[in-house]
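Dropping the structures in below, format is structure tokens.
Each of the two complexes below includes subunit A, the first together with subunit B, the second together with subunit C.
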Partner chain A sequence: MSTELLQAIAASNEWWALGPELTLACGALALLVIELISPKEQHRFIPHLASMALGVVLVGVVMNFGKTWGEEELFGGLVRLSVPGQIARIFFLLSSLLVCFLATICLPRARAPRVEFYHIVLVVTAALMLLAQSNHFVMFFVALETVTIGFYILVSYYRERVLSLEAGLKYLVLGALSSAILLFGIVLLYGAVGRVEQGGIVHTGFEYGTVLNFLRENPDNFLATAGALLVIGGVAFKIGAFPFQIWVPDVYQGAPTPVTAFLAVSSKAAGFAVLLTLVHRVFSPLQAVLVPVLSLLAATTIIFGNLAALKQHNTKRLMGLSGVSHAGYLLIGVVASLTVPWAAGAVWFYLFTYLLASMAVFGVMAYVAGPDDSGEELDHYGRLARERPFLGAVLAVGVGSLAGIPPLAGFMGKLLLFVAAFQAHLYGLLVVAVIGVVISIFYYFGWIRAAWFESWSPPAPGAVPAPRPLPAGPTFIGVITLAALTLATVLLGFYQQPLTSWLLE
Partner chain B sequence: MMTPFLAAAPVYGLPSYLLVSALLFAIGFFGVLLRKNTLVIYMCLELMLLASTLALVAFSKFNGTLDGNVFVFFVLTIAAAEVAVGLAIIVALFRQRHTVQVEELNQLKH
Partner chain C sequence: MPDNAQLLQLAIATPLGAALIIACGLPKRFSTKLAAAAFTLPALIALWLWSQFPAENAHQYAFLSTTYTGLADFGISLKLGLNGIALPMFLLAAIVGLAAGYYALRSGAERLKLYLLLLLVMHGGLLGVFASVDIFFFYFFHELALIPTFIMVGVWGGRDRHYAAMKLTIYLTAGALLSLLGLIALYVKSGANSFDLIELKDAIAAGGLRGSTQNWIGGLLLLGFGTLVSLWPLHTWAPLGYGAAPSSAAMLHAGVLKKFGLYGLIQIALPLLPLGMQHWAWKLALLAGLGNVLVVGFVTLAQRDLKQMIGYSSVMHMGYCFLGLACLSTIGTGGVVLLMVAHGLSVALLFLLATSIHHRTHSFDLSEMGGLAQKTPVLAAFFVAATMASIGLPGFANFWGELTVFVALWKFSPGLTAVAIAGVVISAIYGLRAAARVFFGPVSEQHQRVQAQHPPADLDWREKLPALILLAALLFFGFYPKAISQPVDQALGYSATPKALFTPLKTR
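Entry: the complex of A and B
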């Protein structure tokens, strides 16, 4: 280990492979510098700079998709470039772009400082992209913690508000708990694998490949199995699977709406990207243990998420708990992908449809909410379709897609997952999933009904309810973005060929 | 085979270190679940991270690879970042609510 290794890295141009992440990190720093040196009246342009940085990187990644870097391990095995990694990059960039759009609606209204928000979003996006491509447990842990600590700040971003801070504290305590559990799992794996010498190079249990080889030879090593289960438990926290979902409703409700969307979409997708990598490339010899554990997680997650969402009136808690049940459907896809290889693509397809529909719904929520976006109830949607028909239509399409109504994209996502589960002979899980979908239609339609159909409710005794202000009308960019999301959701329901041929190959 | 606990020059094996580490981890874990004061919960979280660190160093020594020792520095850095953000949140919350007891921080329930 001397300068020769560093020289070799410098000569091989490996840094180019991490261009998107490096650009975002530099862009994040540039935002802070621009805030320092530019006059105050021009600070309102800074959010647009952040969106532009994300957009440029997104275009760059899409243009270079699959061109330069195949299945290669870089930086001594820390990072592995692969097609799923590229898909994850595109997903996270798209999601962060939409989060920035939501933030331009919500942050000015809350009179919160703005530049730091976009700074943290860019850093978290870069870390998410690295997380999905990591090939080494040290890289994995550091990227994951960068994401998590960024989210602690984002969740408690409205620091004048008790609800936001309380959500931040809850996320902090439970997130740190899950990180500690995950770290202990990594340590156990490291200890179990020990020292492996191959061709004069010493490998350790931090490298995915070494762990995989070790598990192939000793599939019933107790220490390694315990470590693997602890790591899976830590990841299950990120996706909000059943015993670890306890933070979801409170944190989703207290966090600012853009952050709720970021958590619901990117954080969950990161969990699944990591879970797919771990299950396929590290822990695959442990299938005898993993399949029952993941199946149990999936079934309980679907049932719990749907039943808990039934009685929610707060829209953010509803999105959170229904998101828990979506995590359950996706877990079925992960289990199925162990026997049916294309199921991993189906998981990504589902995540993309979830991204489009959720962002449309969160966009409507951002416009409907007043300055306090934690107390938004279903009743507040009472006059939405009459006063803002456009927002009502976007909401109906988004919620319908989340519920899986046939012509919309969400239905195709569920169908692909269920076909994969059928091919993998997971009949029990399929029954649970179908029951879950039926329950979910009930509460999703309650939301659409609240927005589209007048309902008479008895006036509360003694108190005249304060009239809700008219929902803000979307700006030009808002209309374009929401219309694009809605259109994509409808189109993907009829014509999936481009996305499926790309994801399922 | 048990190592004599108070021998003249005790040489503890890997299992002893792992036992201490697992105990520390368990104390931290149950502390997070059972204690009521946010600051104490926070100390318990750090205890869990440090328990992992102890196991890491022990494994590193007995496996004969240095990677574990290096990882400790990463873990410590992350723990420091977590403390910085966490204490800031706790202080901001204390300014608003004048309490750090978890049972009084329950406004997010419907």
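Entry: the complex of A and C
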């Protein structure tokens, strides 16, 4: 960057526009400093400080929603402020806040170090927010790597547990592979755009706008098309779409529950935020290639996710594989949004309902799990409804919403996606989606059945099953949080105004 | 004093609101009182609205009100109202809900609060289904009523409840999703950009749908709604589910909720997709006539379990409804509405009495009973009356429904009419045989043992009251069918369907 650019940035005060991200990054550093200087018995307040930082930033972003800071593109085109970007910020902040809540349940039980966890969560959140607003492939890659490296640490956070370490290693190897694919795609695009004989300009070949202009003029360029497809492959890894879903079950199972939730919600949503930006802005001239590729991805993802989840008894693997199928439904929305613009809002609506329901379910999982949370089976839920009716109810609403059962929010999300797909004439995908939903009813109801219909597998003859300890009762904050998530899920099923008014303009 | 439109909203909101209050942790003592009130109020409102209904304008919706929920851009809004077809169904839902609710209040079920809560949600959903003008909310309320059914079967069900609950869930969700796809297809293809049935009718009357489009949307709706109404061969969930379901859930589901599909076909598919329905009419009639009436009729004959038998018989009676629908005539469709109301009342009564019998015999197996009439004459009288109603004896509402359907069917196909009438003979055989096995003849050994341990008492008031409500309604509509047929006839006569398809209703 030239000095003039830096001067211009300083003069225009563009840093304000990145206030939320900067606050989080400073907050993350402050947590470490506080740990160093404060006495040890005060350390239990640090998680609350992290939550407070997230909460304050969330309130700030919501209050300033829709405001602009003059320029749309900042820092010489690295970052682009937009309404979807603001929505993404709110989403990630909310999600991280809930992840911190889950961590306050799980981490003390596992006797894991605490402060670093919150530090990394804050850094990853800031990176996620930047990722959703990036306007430049270098910015995109750096933000994505910040997120991914954060996740490498978080996944293997229980460093004394074999499964957690195994999950971390798997995520590291496969994540590195996906980063390589992504980077290769970016380089191919850069190479194609930067070729001077085709009118390319070398030093801005990473910028979304430049790539878009190039693709508009040369929509048949093989190199650029290959690059675009590779980039989408890298993003598909993040959202867990087939055939890049192979890491999902093991990593979800081994990771600590809060991290699983973080991966399931934020990482997936980040993939979709990026994917929407890419297909709508940068790769929009390539629709002839993108529609069949994404449609195929959607159909196979739905089928694979649902069939694989069908026989799972481990709840985390179940959440992971059913999450794969959710990625498939969302991909239908992305495909539809190419012809029906409002479908992008429907994708966000779906993501928000998914956030509420998943976090509620993960909350229950966190309470039900013993000290070892990777071995949680459906059978452990027997008698939950009798012993902890509140947790049973939260679970039923959350799982029901994930299954897309009216009158819960998840159903409205699916409905909007289906309507969009109908308007975009995606009849084949709709048939696949409906089959997928019917299959998903089986395993989601299996879960509710396990919790509500008493023990459903007769104990093996002779063997006396070890009595499981009563699941921990939620604390006051836990009750409030879970009740709020549940109520929001139910209310959004009846009254969608709060979300539709700003997601579906 | 609220106006009638607000009363209609209140009728739906009362059970749902009561369920919410109970969910928030109301003590059990107050919960039962609140639930009783919440079951009673909608029935009173329904009766009042029925008396206020402008019969001469039955084709139009009365008591209209619109509430926006944030999806107005998609043409989705909570629009409530009743027309001549919806009114009898709404009344049916209110009456059966009242009976099922009273029966549940005194049933002494385990975890009674949760049971009542689910039943209230179900009741609210049922009332909403028939009061919705917006077809999205029509579907939405159906699902709202369906979910509690699954849970009630799974938690309070009898034999095989886990398997039954799962099968019920998968079949009904698949059927519901298919019909949802059909409804979305109508929404997109009609060009109305609205789920409001009135606007859909206007848009289609103005533009019209191509024949091929009508065919596939009609097929989708028939498949989806057909599964929900247990059209052969997609009926297997019904006897199993009803056999396992607790009595109040079976009463509400078999009596009212199952009529959702037929009601949808009459209110939505017939007027909006006349050509599509014509395309499928013969296939539907054959499936219903040979499958539902004959095959399932014979299967019913072979049942030894009382509750399963009632479940199968309800599948069989749905065959008549489909046959009446396939005639595509005003008289046939009118007969179906009459039959839906009558069957809803009679099957609810039968399920209620079957549970009462079970309390006395501790078994549903017909071979383990006998001679109960000596100990419980009132129960026997009720059961025989309900059986007669279900067979279609004159004097009960079912008679008029079946008669009109047969008259319409004769014009459509004399052969199928013969099959249908043979079905009446079949239902007479199994119905009367069941009554004879339970109440008359020698007492079986097992039953003697049960009687020795638990001497059976006759029906007490907590069982008599809901049974009386249902029986009174059956007799009322049996002697005064005009109460239903007049608004129905008015509504169907003004349907958006091309007149050529309909012959005017003269007999009555």
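In this text, the second predicted complex is superposed on the first by the 486 of 505 C-alpha atoms of A that agree within 3 Å, B and C clash if a C-alpha of one lies under 4 Å from a C-alpha of the other, contacts with A are read in each partner's own complex, and residues count from 1 in each chain.
Keep this in mind: a residue touches a chain if its C-beta (ideal position, glycine included) is under 8 Å from a C-beta of that chain, and two chains touch if they have at least 3 such contacts.
Note that this is a predicted model, so its numbers are computed, not measured.
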Subunit B versus subunit C as contact partner of A:Ala103, first or second or both or neither: neither
Touched partner set for A:Gln496, first subunit B, second subunit C, both or neither: second
Which superposed partner A:Leu278 touches (first subunit B, second subunit C, both, neither): neither
Subunit B versus subunit C as contact partner of A:Ala366, first or second or both or neither: neither
Which of subunit B and subunit C A:Phe453 touches, first, second, both or neither: second
Touched subunit A residues, subunit B compared with subunit C: B
Intersection of the subunit A residues that touch subunit B with those that touch subunit C: none
Subunit C - residues contacting subunit A, complex: 68-71, 73-74, 136, 139-140, 143-144, 147, 150-151, 154-155, 161-162, 165-166, 169-170, 173-174, 177-178, 180-181, 184-185, 187-188
Interface residues, subunit A side, partner subunit B - complex: 138, 141-142, 145, 149, 152-153, 156, 159-160, 162-163, 165-170, 172-173, 176-177, 179-181, 183-184, 186-188, 190-191, 194-195, 202, 204, 206, 249-250, 253-254, 312-314, 317, 374
Footprint of subunit C on subunit A - complex, ascending: 400, 405-407, 411-412, 415-416, 418-419, 422-423, 430, 434, 437-438, 441-442, 445-446, 448-449, 452-453, 456, 494-501, 504
Subunit B residues touching subunit A - in the complex, by the definition given at the top: 18, 25, 28-29, 32, 38, 41-42, 45, 48-49, 51-52, 55-56, 58-59, 63-65, 67-68, 70-71, 74-75, 78, 81-82, 85-86, 89-90, 92-93, 96-97, 105, 107-110
